[in-house]
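First chain A sits with chain B, and in the next complex the same chain sits with chain C.
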Partner chain A sequence: MKFSRKTLGIPYAVFLLLFVVAPLVVLFYYAFTNGTGEFSLKNLTDFFSDPNTLGTLFYSLLLAMTTTLVCLLIAYPVAYILATSKMKSKPVIIMIFVMPMWINFSLRITALKEILTLIEGNLAFYPFLNSVIGMTYDFLPFMILPIYNTIVKLDGSLTEAARDLGANERRAFMRVTLPLSMPGIISGISMVFLPAMTNYVVLDMLNNSTFIMGSLIGSYFSAHNWHNGSMIALVLLGIICVFTLLTDRGDEKDARTGGALL
Partner chain B sequence: MQNNENIIELKHISRTFEDGFKAVEDFNLEVRRGEFVTFLGPSGCGKTTTLRMIAGFDMPTEGDILLNGRDISKLPPNERPINTVFQRYALFPHMNIFENIAFGLKLKKMPKDEIRKKVKKVLELVDLEGFEKRSVSTLSGGQQQRVAIARALVNEPEILLLDEPLGALDLKMRKEMQIELKAMHDELGITFIYVTHDQEEALTMSDKIVVMSEGKIQQIGTPEDIYNEPQNAFVADFIGESNIFNGIMTGSMKARFAGGQFQCVDDVPEGTQITAVVRPEDIEITDPAEGQIRGKVISVIFKGIHYEITVQSGRYEVVIQSTKSAAVGDTVGMKVAPDGIHIMIAEDHTNVFPVDMNRNHRLEFNGTELDTSLTQLIKGSRRNENHELLDENGEVIDPEKIHISAAIEPQDIRMTDDVDDEQVLIEGVISNLIYKGDHYSYVINTELGQDFIVDDEYLWNMEDRVGLILPIDKMRFIVKK
Partner chain C sequence: MRKIIRCLVPCLVLLFLYVPILILAVYSFTESTQIGDIKAFTLKNYVTLFTREDLRSMIVGTVLLALGSAVLATLLGTLGAIGSFYSKKRISSAMATVNQIPVINADVVTGFSLCILLVVVFGIGKDTYIPLVLGHVTLCAPFVYLSVIPKLKQMDSSLYEAALDLGARPRTALLRVVIPQILSGMISGFSLAITLSLDDYFIATYTKPATFNTISTYVVNATRGSQTEVKTALWALSTVIFVLVILIVLVMNLNAGAAENRNRKEAKA
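== the complex of A and B ==
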């Protein structure tokens, strides 16, 4: 018996319908209806007129951007040094950065929480800082690996060519290595920024009671307000879509290779 | 006193890598301004390492590099007036052609108008007018190669280094680029240092060829010199096709090899062991009666402008290039004019290696005891009741204080595939082979770092792992205290 490609695709199509399309339809339905089931744009206007929601959006963006920036500032030098050094123990050092990901997430954050409490005395003093530290700890490997993969694949003779043509080490890096590692950087940013926007578990566990987008949606849903919650989720989806489209060009080639290592 | 004619001088350059591998050893070279010099040799001979030291990507462990009389061996690459054309072009993929070529000029802070003019001019030189806005990925291999050359030339370097620049091109393209590069060199008057493993490329383009092997210079000379008067069997074998025979001088300008008596032009003392090199095109096929040697044709291959004819003459195989064909199975005579024979005094191929005296006062090599009598070897020595070796004064000989070397001729060593054979004294890898008419001469790199030269009539492959059987009765021992 022979299967055509189409027949073999059926299980996936069913999966797609049930778990991607159907929830989206439900999401859209709730976002654009009111409590009585009539079409309404009120949820949308609510979102943009409620200072609380906008404040949460702003806080989430700020937190995600700071986390991404900190990750990038740590990850690039690490990835660069690892990729360009002739060390024999390179895989071991990469492992050191990847290994925490094998440990249960909540265990890791709990451990971090204990350490931070020890240093700061009370976590409540620096909620923003703690959240940035927690998320950086959590997402750092996602930034290092794509950058490392891009740099390690760079043809070494390119920097030699730049040096040969009169560039000192700093110039050769700025004009050749850095621009050519952009795909990895973009890939890393999109792998850190998007989860950082929505991940409220880290904040929750580190006792940061400020709402971010994820926790806001959660609170609406637990209050059975499906309509406003859906609308917030939808707006967030829109933001993520725009961001993905913007970074997609550089991402295409390297996201796959970056992800493959994980 | 400095000789102003020499643009660059390499003095006793050596490069030893961290693992102890000697990539380049005692390399000495003078290059005159405007010369086209080629480093020629098989891969791994150290030619690229030497080039990288001139460019500044690698530092010599010993020796000086003088540019116009000034030592530059410690300068970084960006401070040397030398530019490189890389093997795989190394064009910057994130820049278009204009930006690639202008890279060096922009670093020099040259005004924009001037940069534009220079880029335009150099693109004309490499025949790529109007390619400024194109991206690197839209160009063919040959075009990328031209951009790489333009990018180096636009900086007006004193020396242009080319690292196998045509290696990635197809044959036709390569031939075209050879002619163009040569024309560019003649037009610009810049000194070119070119690296290749392709002997034909080297012969076509160079003013001076440096033949290298295993990190050492084998011969420096004009293409004619190198081809017509190779200094050793390696050069003869590497440059062009050659018949190489071991032989002996039998009189003034008379040599005996390949089973025949030949008149030659090199005056080497009678009785000297020689290596004779005869180019295939210098052998003339004659009637059997008229030839200096005779043989049976075993193969004939048509090669376009000539036939390649292989003749079996006694134990020897002789390769001949001739415009006249012959039939397989024919008996033919062969004649070589005196100036077609190149005589080299044979290098001494005897293998000499150290052996140890172990704690049991026995000879040992590579962990295996050699069954030989030490009492006969060391005059006046005898063994006491503990089997210890005593010298003529009756004192126990300290193994640390005695040095014994063993010598064995290449033809006395046997090679075997079976490295676990108990007769095998040492294992090694075949790193070199030269056909010498009736046998192959192999160089075996062993794990002890000692190279052995082995003659064998059968063909083994390069990189083969072999065990060496050194018959003890064929070894001679030399004792030094």
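== the complex of A and C ==
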């Protein structure tokens, strides 16, 4: 066969078909069939008629929104201060903020758990608060980094122009800097919100016995209930798709890639 | 006042991020099994960490899994990126779209759906490690693809043509001209793959053999148990990883600094 650069992509294309597309097809199949392989909508109606699963859906939305908001409120000032500071060693400082990302998350949560136990005595008293703290602790760098990257690239002369034209500092920030840092905010939100809906290990480790969407999949997995588990996964996938369409601006697609700063 | 706030906010956040890890590091050198009570200095946690069989095999297993899947992912992802870059627009945009799925998707969904396909439908035993490795390659390869594509776009395409005109066979031209130019993308994709694999919990839980543990799955199981020996040995592990990360970041910064100095000197000369 004649050598062509196009053919080099075939292994990866086959790989994507087999291990990315096919699992989703199977997920669909299992979500809409029952144990005997017949088409059924029971899993779907199960999901939307069971107060437990609906409650879980709302609980995880609430938890994810709170976590995202807390992360944003902490990360924006930090990113703004770092990006606008006149220090020469900015890259080193932002590196220090991002470094925890490279320590295994389970070990970091273990550390946090010990501290929270020391402060609160018993973690079971404040399950929601602890989950928010735990997820903020885990995901904060993912919010700081994209916002910092956006603000640091902003053209400083725009703010200066606004000031020259008579805007006070607050107004210049609200009308110039903040709108221009929206792409960073949005990519930060998408990097925190979705993991916060699904990363149930953080809850598990912090003794929060409440379920979020991810833990539903986990519990059906342990019970070998593939059909209902698939339906949950599919609902989650739907939420992810909607969320991605809402936040996708095209240019920030590699946010998670840039997330490693490598 | 303003200056104080500008300094205080980042410092408080740094404290929040680092205090737990640092306190754990201090306590990992003591005999106490709980944060809060000070006891005598000891290295026994570190001894346990490196001598207990299950801890050692879990660390070695995690590292081997990360290296193996990162190598596979780098190969597949790079070849995929080259192939898709030179394919027709329709094919390359289809590949880019499918490549985006594992990036955006929740790891729980990726792991669960892979487990259903490989284990439930195809009946591949988890004991074969095949689902686990495939799962990690699926997690990592898309990121390699994403790191290589920009390098291909930056590349001067006439260089490849020039190599062919000068008599190089396509294979040689690819190895000698294209690969060196996208090498930095491959390297960053590889390092990204390593960190993703090391940090993964979900894909591993759904696809790993029952007797095998990665650091994440081991630690999560250990927090459910009450074995204090394991618990404090994990404090030591967290400290070791923390120190390693600091060292790697330092070396990377020094390298980057040295390269910058070199460039500056060359520019002057």
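Convention: the second predicted complex is superposed on the first by the 246 of 262 C-alpha atoms of A that agree within 3 Å, B and C clash if a C-alpha of one lies under 4 Å from a C-alpha of the other, contacts with A are read in each partner's own complex, and residues count from 1 in each chain.
Rule of thumb we're sticking to: a contact is a pair of C-beta atoms (placed from the backbone, for glycine too) under 8 Å apart; a residue touches a chain by one contact, two chains touch by 3 or more.
Note that the structure is a prediction, hence the values are computed from the model and not measured.
Within the superposed three-chain model, A:Met87 lies out of touch with both chain B and chain C [touch as defined at top]. Using the contact criterion defined above for the overlaid structures, shared-chain residue A:Val176 touches chain B, although it does not reach chain C. Look at A:Ala124: by the touch rule set out above, it reaches neither chain B nor chain C.
Touched residues of chain A were counted for both chain B and chain C, and C has more of them.
Once chain A of one complex is fitted onto chain A of the other, the partner contacts of A:Ala162 are limited to chain B, with no touch recorded for chain C. When the two structures are aligned on the shared chain, A:Leu73 is found in touch with neither chain B nor chain C.
Using the contact criterion defined above for the overlaid structures, shared-chain residue A:Leu246 touches neither chain B nor chain C, since it reaches no partner. No residue of chain A lies at the contact with chain B in one complex and also at the contact with chain C in the other. Those residues of chain B that touch chain A in the shared complex are 55-57, 76-78, 82-84, 86-88, 90-94, 103-104, 107-108, 151-152, 155.
On the chain C side of its complex with chain A, the touching residues are 6, 9-10, 13-14, 16-21, 23-24, 27, 34-36, 76-77, 79-84, 86-87, 91, 95, 98-110, 112-117, 120-121, 134, 137-138, 141, 143, 145-147, 150, 169-171, 174, 188, 191-192, 195, 198-199, 201-202, 205-206, 215-216, 219-220, 223-224, 234-235, 237-238, 241-242, 245-246, 248-249, 253. Of all residues in chain A, those touching chain C in their complex are 3-13, 15-17, 19-24, 26-27, 30, 74, 77-78, 81-82, 85, 92-93, 95-97, 99-108, 110-115, 117-118, 137, 140-141, 194-195, 197-201, 204-205, 214, 217-218, 221, 226, 229-230, 233, 236-237, 240, 244, 253-254, 256-257, 260, 262. Here chain A touches chain B in the complex through residues 155, 157-158, 160-169, 171, 175-176, 179-180, going by the rule given at the top.
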